[in-house]
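In the two complexes below, chain A is the common chain; its partner is chain B in one and chain C in the other.
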Partner chain A sequence: MAELARPKLKVATASLAGCFGCHMSFLDIDERLFPLLERVEFDRSPLTDIKHCGPCDIGIIEGGVCNAENVHVLREFRANCKILVAIGACAVTGGLPAQRNHLDLGLCLQEVYLTEPSLGRGLIPNDPELPLPLDKVHPLHEVVKVDYFIPGCPPSGDAIWKFLTDLIEGRTPKLGHGLIAYD
Partner chain B sequence: MSARPTFLLDGVEVPFDPGQSVMQAALAAGRHIPHLCYHPEFKPHGSCKVCTARVDGRMMTSCTVPAEMATEVESDTEELNDLRRTLVQMLFAEGNHFCPSCEQSGNCLLQALGYDLGVMTAGFRHLFPDRPVDASHPEILLDFNRCILCELCVRASREVDGKDVFALAGRGIEKHLVVNAESGRLGDTNAAAADKAMSVCPVGVILRKREGFHVPIGERRFDRSPVSDQASDFAPRKPEATRG
Partner chain C sequence: MVGAKTLTPTAEKIRRLMHYGQILQSHALHFFHLSSPDLLFGFDSEVAKRNIVGVAAAYPDIAKQGVLIRKYGQEVIRHTAGKRIHGTGSIPGGVNKNLTAGERDELLKDIYHVIAWSRGAVHLVRQLFEQHLEAWREFATFEARTLSLVRPDGAMDLYDGGLRARNADGSTIFDHADCDRYWDLISEEVKAWSYMKFPYLKALGHEDGWYRVGPLTRVTRCDFIPTPLADKERREFMAFDEGRIARSTLGFHWARMIEMLHSAEVIKDLLHDPDITGSELMAGGKREARGVGVIEAPRGTLIHHYRVDENDQVARANLIVSTTHNNHAMNIAIREVARKYLDGRKLTEGLLNHIEVAVRAFDPCLSCATHALGQMPLSVELVDAEGNQVDRLVKD
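The block that comes next holds the complex of A and B.
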């Protein structure tokens, strides 16, 4: 009964400059979602559609920081989450979006929206609703303090499960061979 | 069988043959010492520093220390593995090691070392250098983004192929791999796919064309078992393997 009486941990997740692949991989824990849901409840997450993160125990963020909105979301998570986890190659190193970092942002936009014929409207999008892109794409820890990192593109469901169960049980999360991956 | 001389590696006796380095003796005994620029068929290079161990209290590269000089070697310690993690992070930061799109993923020694040492973080701000690839050769692709400057291709081309196709140019952070042709392109050299130099790259710089993803991701060399369990694959292959 003491087991049942334990308060659930609050978990929030978000994808910044990512592809939601890490969230998909999280869903690959499959039926283990049920025992997980006995221990946690979700705050802001694509699973709940809650728009802002309240006070949480664990925040999990996929994707790097590529625009102004990403910075705001990341800071909101840091301010509200006791433990912040960077999940996936993009959050840990910048990943795929950061492959533009050796290029000039202005030239990138020009190439995509002006030079390239397929999108040829002759206009670089500048609606005020659109967050402004940053000059370079950054991993999370270059913007806020990050407590844990799970590399992988994406990390496997098993890796995410191992990490979460370690963390929830109060162990130092440790991925061994086959779970730690950069690809 | 006469008793061979031994040294202690992390408290366990390792026998060695005269002339062997600490690295060679350890690997021959099935004990892994992390390394990147060492290759069983080439003279030790001592440049990557990943194999640095405490040899009788002094920090030395185990690939260059003769086993005769060693009594007690410490390698698998938290202190040394911490330094190794830093070296791996620095190499990742210096180039563009984007594993998700790399053909060598799963067969890459740098990646395998990262896994084995438990490198979970970037550690340093990545530099994102601009390094165009060279696809000029009909059979070989060069992706300079992944070079770790181990000089194995340089050594293989010079010592085995007798061709001098590769060299390192520049100094310090500017140091980089170059192709020995006036155009700087591999297609303008006499490099051939069968050259030794084309099969020694421990990372994903030198790739054979039209062989990509022949073995699926997840079934490759270091997917199957960690590099530290593959010590004997790096052991001296034959007595004359310690070339020169």
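The block that comes next holds the complex of A and C.
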């Protein structure tokens, strides 16, 4: 008997306070992208023009939480995704952007927008439509419940492939020797 | 910082190889994964199909070549930088690895395919322009001053050189300018409504001094491209439609594919250079507390400026990235689209995507990231001459 066509899993991805390196690393699965597309369908993601995350099986987020808009997007993902994955050092620990946590945010803004010598005319942007920066940069799990954490800066394409194929096949994802790197 | 004014030949060529690998992979990603859906299916085509998945279904060969060109660029980076993303090969004073003969031979195996596919991509963009000439010629197009690096002989050089600034009519503002004191040439303005700064040519002031960087600028403002296939394509591009596409915003895509072809040719030449397997990796000099570096990144001129303290820890840093250089130019492109397409009409997703198509010509990414407006709240309000709101559409 022919195997019944399995419904595709819906996957959404976003970058918050990250550098898109984890998304680049996802694309490092190279031509394995095509068989993956047989099994998953992308909802909101930098690869599509869908602007809001709808109901999804898997949500993957890179980057930590550094401003009010990040909080909003992260909560929307948590509310819509059955499984939420923190991918990469910034999502897992706050990463590089969290280096500002030991500095005073006001002084950071002052240095960037008021006293930097290459500025012609300085001022601190204050339009009400701009997302307000948070006092500290947070890892995702300090804001919402996270189901899986994949460390690395970034995790390799092979690690992401193994993780996704395990999930798609209904196995508990396991990253064996050589696939986990805390760089 | 280590005061090495000149790198060893091996270090310089390994860094060049790394950089042209990066240009190759980034241009492939920009065009195939992020922009080709708009160009192949139409700016207001169905949103569910308008992505790389749709391209893979409708044009499987194009999608596959895009993925494989990007993969090749990433492999060049891995062999020169140690890993594909956030590599560690380039260090102050040189590099920490050369290319082994085995790595060189592995890369040589596929380079001729990559050159052929890149040429095919240039021709694909040309065909698309031939099909859509009327609409694309004027789309989001405006006159702009330009800024780019060029080699001392005027050739395109994406790795090193002097700064060339020109007026829209092609006349020179400055040429072969030393990047080391960039702040004598370029200043940055801050506006209340954006975290992104607005750089300008200091001599012209913040109102008039804005400029455009990136592939379209580099291809049209260099005197020639120093590899034969790409230079032939450059000359055809400059002559096409009496030179009008070389001044059009969507011409960015054509120029980008010419640079992708150029990068593949440069990689081929470097792989045939015996210096890349040499063993002199590091140079030294008198330690300095300040350093400025300028290159042409995939999307345009990139300036890094650091100061270090007595422990060599970074005490100050200022980066002017390509997207920031193009900040004002992208706003002008959006204004042109709004004037032409949004005037007096019901706002739809397809019309709003015209704005994203304009931004994506420069940059697939605004938060130094991907799909600019896709990530950012975008509100377009249609207001009549009396200031009454006719329509409003919000994407957030």
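Everything that follows uses one rule, which is that the second predicted complex is superposed on the first by the 177 of 183 C-alpha atoms of A that agree within 3 Å, B and C clash if a C-alpha of one lies under 4 Å from a C-alpha of the other, contacts with A are read in each partner's own complex, and residues count from 1 in each chain.
Simple rule for what comes next: a contact is a pair of C-beta atoms (placed from the backbone, for glycine too) under 8 Å apart; a residue touches a chain by one contact, two chains touch by 3 or more.
Because the structure is a prediction, the values reported are computed rather than measured.
Asker: Going by the touch definition up top, name the partner, chain B or chain C, that contacts more of chain A.
Answerer: C
Asker: Regarding the shared-chain residue A:C108, is it in contact with chain B (first), chain C (second), both, or neither?
Answerer: The answer is neither, since A:C108 touches no partner chain.
Asker: Between chain B (first) and chain C (second), which does A:A79 come into contact with in this model arrangement: first, second, both, or neither?
Answerer: A:A79: touches no partner chain.
Asker: Name the contact category of A:L37: first (chain B only), second (chain C only), both, or neither.
Answerer: second
Asker: Once chain A of both complexes is superposed, is A:M24 in touch with chain B (first), chain C (second), both, or neither?
Answerer: Only chain C; A:M24 stays clear of chain B.
Asker: Go through the superposed model and pick first if A:C153 touches only chain B, second if only chain C, both, or neither.
Answerer: Both partners, chain B and chain C.
Asker: Chain A residues touched by both chain B and chain C?
Answerer: Shared contact residues on chain A (touching chain B in one complex, chain C in the other): 153, 183.
Asker: So in the complex, which bits of chain C are touching chain A?
Answerer: 29, 33-34, 47, 50-53, 56, 63-64, 67-68, 70-71, 74, 83-86, 182-183, 186-195, 197, 200, 202, 206, 305, 316, 318, 320, 353, 356, 365, 367-371, 374-375, 377, 395-396
Asker: So in the complex, which bits of chain A are touching chain B?
Answerer: Where chain A meets chain B, its residues are 89, 92-96, 98-99, 101-103, 136, 139, 141-142, 148-151, 153, 174-175, 177-178, 180-183.
Asker: Provide the residue numbers of chain B that touch chain A in the complex, in ascending order.
Answerer: Answer in residue numbers: 92, 96, 98-102, 105-106, 111, 114-116, 118, 120-122, 125-126, 128-130, 217, 223, 225-226.
Asker: Over in the complex, which chain A residues touch chain C? Could you list them?
Answerer: So the residues of chain A in touch with chain C come to 14-15, 18-21, 23-25, 27-28, 30-31, 33-34, 37, 41-42, 46-52, 69, 111, 113, 116-127, 129-130, 153-154, 156-157, 183.
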